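The chains carry the letters A, B, C and D, assigned in the order they are written, with residues numbered from 1 in each.
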Amino acid sequence: MADVLSREDVLAALRQLAADLTAGADRLRELDAAIGDGDLGITVTIGFGAMCEALDDLADQDIATILQRSGMAFNRKAASTFGVLFATMMMRAAREARGLETLGLADIARMAQAAAEGVMERGKAQLGDKTLLDALVPAAQALQASAESGEALAPALRQASLVAADGVTATIDLRSKSGRSSWFADRSVGTQDPGATAIQMMLESLAAYAERMA
Amino acid sequence: MADVLSREDVLAALRQLAADLTAGADRLRELDAAIGDGDLGITVTIGFGAMCEALDDLADQDIATILQRSGMAFNRKAASTFGVLFATMMMRAAREARGLETLGLADIARMAQAAAEGVMERGKAQLGDKTLLDALVPAAQALQASAESGEALAPALRQASLVAADGVTATIDLRSKSGRSSWFADRSVGTQDPGATAIQMMLESLAAYAERMA
Amino acid sequence: MKKIINEPMDFVDEMLEGLLLAHGGQLKAAESDPRAIIRADAPVSGKVAILTGGGSGHLPVFLGYVGEGLADGCSVGNVFSSPSAETMYEATLATHGGAGCLYLYGHYSGDTMNFDMAAEMAAMDDIRVETVLVSDDVASAPPDQWQRRRGVGGLFFVYKIAGAAAAEGMDLDNVARVARAASQSVRSMGVALSPCTVPAAGVPTFTIGDAEMEIGMGIHGEAGVHRGPLETADSIATRLVDAVVNDLPFERGDRVAVLVNGLGATPPEELYILYRRVRHLLDEAGLVTYRSYVGEYATSLEMAGASVSLLRLDDELTRLLDAPARSPFFQQS
Amino acid sequence: MKKIINEPMDFVDEMLEGLLLAHGGQLKAAESDPRAIIRADAPVSGKVAILTGGGSGHLPVFLGYVGEGLADGCSVGNVFSSPSAETMYEATLATHGGAGCLYLYGHYSGDTMNFDMAAEMAAMDDIRVETVLVSDDVASAPPDQWQRRRGVGGLFFVYKIAGAAAAEGMDLDNVARVARAASQSVRSMGVALSPCTVPAAGVPTFTIGDAEMEIGMGIHGEAGVHRGPLETADSIATRLVDAVVNDLPFERGDRVAVLVNGLGATPPEELYILYRRVRHLLDEAGLVTYRSYVGEYATSLEMAGASVSLLRLDDELTRLLDAPARSPFFQQS
């Protein structure tokens, strides 16, 4: 069995990701309530719900189309900072997946890198600004390193998820410089970033999927 | 010493009445809150305050003018059902006092009768409607009876105050048919009428004044 | 309830000072009485003057309906208390344009007695006064005693109609006639969710459970017709519309204007959610909704809740409702 | 907080349904997207289209400023959440009259990112889009970083100015120029007394003591610059006016427009009490108050509190502020 994700895997992995993040919605709500406006729980519940609905209609499409359209569906129903950044990530990842019928680790690493760049362009934040970039950027780098060293998919995703978790922990002591939580000034120090937490949950979900597959 | 009130007595008795009712304001507020809108406490505090201020400027006037103007001053600052009825009572009483330099029991009985009639014309309520008439009308009748039987001023006022108190007690079981508390429908049953209570307090104050004088 | 105020006793006078500073081009106080607020261009010669008044705490009622195509003057009472007969008399003198005056206000006993006293004072100056009371709140008395009912949000419609009639030059008899027609054709019903606090009292006007509502509660906290668990917007709409429609009654084919009014703390978003179902119900009842108003037209300080008012329109009332009007609180062009 | 709603998840869509039923003559939804609310007469050919948008729960912001002499379209988000880029794009297509579009909205990161994405989509259709952000809340960043500040009540002034410019036929560059001039000349500061509850969340956005106030709190409950015991209206006015005046700074002789805005549950009476002292302070500072607005212009559901916004006027901004405007929520003639 080749160490790749098929079209069906992508569909299943996205559904699993939706289920896992929805299960974690309350945790995200709490974190966002502490240093933001508390809507991130609702955002992921509605957004991933909308994504799953869209997936029903996308069952016959190619991987790139699945990613692009389901990402837009999320933001359409649950637009927000997180929503538009998620849509941007999916759109950039889709661009890298164009024409591909399966995704290997190298593809996934490239897609993660493109997603991170998309977020930086859209949100104009830097690493260390206490945003989801603090989880996404190191995770993308870890995937890239794993791909270069010929690692298998499942352990590479697990490693990326652990690196993301470190990134999340690091956000605790950071002072927010971007987005709504920057208006909460010093109160943001001491709480981990909710968006980064969501990214880590997503990587955790993907790693678990790949591990079950393997 | 003649059993009459002088101009100075009228001024002093009105000031005493203002002080006594202001002291009872909280009780009136509570009763009005139970079956009305709770403003009667504020009304008597502001209204009698305004009346006392007006009395400062009325020190040299005759009894009729004192009564008329101080009644209008009450309503000007604390207009309300009670305010306009108090002003009406004072105006009608003043009419009966025109030209008088002292007030005997017969005068006072006539004034009370006129005041009650004024209230009936202004408010179009009947005895038994659970209004201040239920204290005022029997009290006026008692004063009239005392005057006819040659009673002295102080015991006559005391008697009127007791009769008014009975009237107040009788309002407990009545269902309001007039004014704001009629909108409280059956909830008005079980609480004594605040306006009637105020009338009783006024008679009590006048009786005490007359007793101290005697 | 926390308030942005200074001394509670100065509430009304400071409110008026701020209001006149903000809207000096449209409103002024009568020289003889700072509590008599009148149109800046009063008296309007040859026009019937419309005088209103009542307790403070209900903005835009009453003061907010002084303006072009609306009322000419307003007597301003303390919070939830009647203004005085003397203030009403001063407002009358300051707005009377030689064509008589209409006293137009909501039915509350204190206000009625003071306005009646003012009318007697005006009569001694040979000023003709007609009185029209608005008694639109169906919760406050049975239909056969509708004139005992208190005035609430429906007042807005009667100001609009009478104000337009006076502005187009009708004489006092006719202004009073259309005002009476409007008053007899308007019905309202409200729901309260939370109380309000009169500043000088400092305690809420009533208490209500955290998950309760009271249908038909008065705007000063007078008891309503039903207290029970808070229901959905759709069921509340059904209760309010049923009470109003069955009362007049409004009948299939009637042309109506509808007002969904917020009592203070209820956001406009919720009023539109309520209006949505109200409108469905009116459509189902075969009533033709000619004009809709949604917003705060008659409030009780920071009370949460809403009311629905319905006005039956004939051709004359329709024309008068359509006429332009302009005050600092209400504009229609 | 008790609410008059049905399912919390239906809050926005039912609100929009009610709103369109009530104001069908003035507003409609774009055919392609029920969350894109536009003028009933859109597109207005040859006119610059002004597009705005943002989260629900702030009426009249944003939706309430779609109308004549104001904005052409609004993208409606969930409560306190950004609308989507796709809705913004649909609103753009449905209002674009051939003269380009101005994206005009309050500065919040989610909104900005969505509007930027929509602008990229519009650019692919060769529709020219300019963007002007309103960042008037002085509490949210220091003066040298004013562009990081969030947009609050001052939005109203910028809609009014830009809308008048587009209505009088200015081209996109000039509409954007005056909008930017207004945005750079407006400053706001608010005080919150009580929180609000997002229907779908069910818990208040923040907690505050029974006798506390928070100066500079954001309209979603973002922390302010000072939390302390509730003060009098006069001291609150001093805090708000000082912060605003010293920030631009406004200087002796400046002509200004002032807005005293209620956040939701605070009654108009209290806004006038606040305005009274605001006006005294402006007079003392030698500022010339040209126009005043008092009322609910930008709210946060049932939050209690108020804000003060000040706009410095030159001759061009004065002319545009004076122009007529008409929406279901705001009228000036």
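Convention: a contact is a pair of C-beta atoms (placed from the backbone, for glycine too) under 8 Å apart; a residue touches a chain by one contact, two chains touch by 3 or more.
Everything numeric here is computed off the predicted structure, so don't read it as measured data.
Report the chain whose mean Cα position is at the greatest distance from that of chain D.
That would be chain B.
Busiest chain-chain interface by contact pairs, anyone?
C-D
So how far apart, in whole Å, are chain A and chain B when each is placed at the average of its C-alpha atoms?
Roughly 78 Å, centre to centre.
Taking the mean of the C-alpha atoms as each chain's centre, how many Å separate chain A from chain C?
Inter-chain centre distance comes to 55 Å.
Between chain C and chain D, what distance separates the C-alpha centroids? Give it in angstrom.
29
Could you check chain D for residues that touch two or more other chains and list them?
none
List, in ascending order, every residue of chain A touching at least 2 other chains.
none
What graph shape do the protein chains here make by touch: line, ring, star, complete or other?
Shape of the chain contacts: a line, open at both ends.
Which of the chains touch, listed as pairs?
A-D, B-C, C-D
Spell out the part of chain A that touches chain D in their complex, as residue ranges.
29, 33, 37-39, 41-43, 46, 72, 75-85, 87-88, 122-123, 178-180, 182-185, 187
Inside the complex, what are the residues of chain C that reach chain B?
Its residues touching chain B are 77-78, 80-87, 108-110, 113-114, 116-117, 140-141, 148, 150, 198, 200-201, 205, 218, 220-223.
What residues of chain D sit close enough to touch chain C in their complex?
Those residues of chain D that touch chain C are 1-6, 11, 14-19, 21-23, 56-57, 59-60, 64, 191, 193-194, 210-211, 213, 230, 232-234, 236, 260, 264-276, 279, 292, 294-296, 299, 301-302, 304-306, 326, 329, 331-333.
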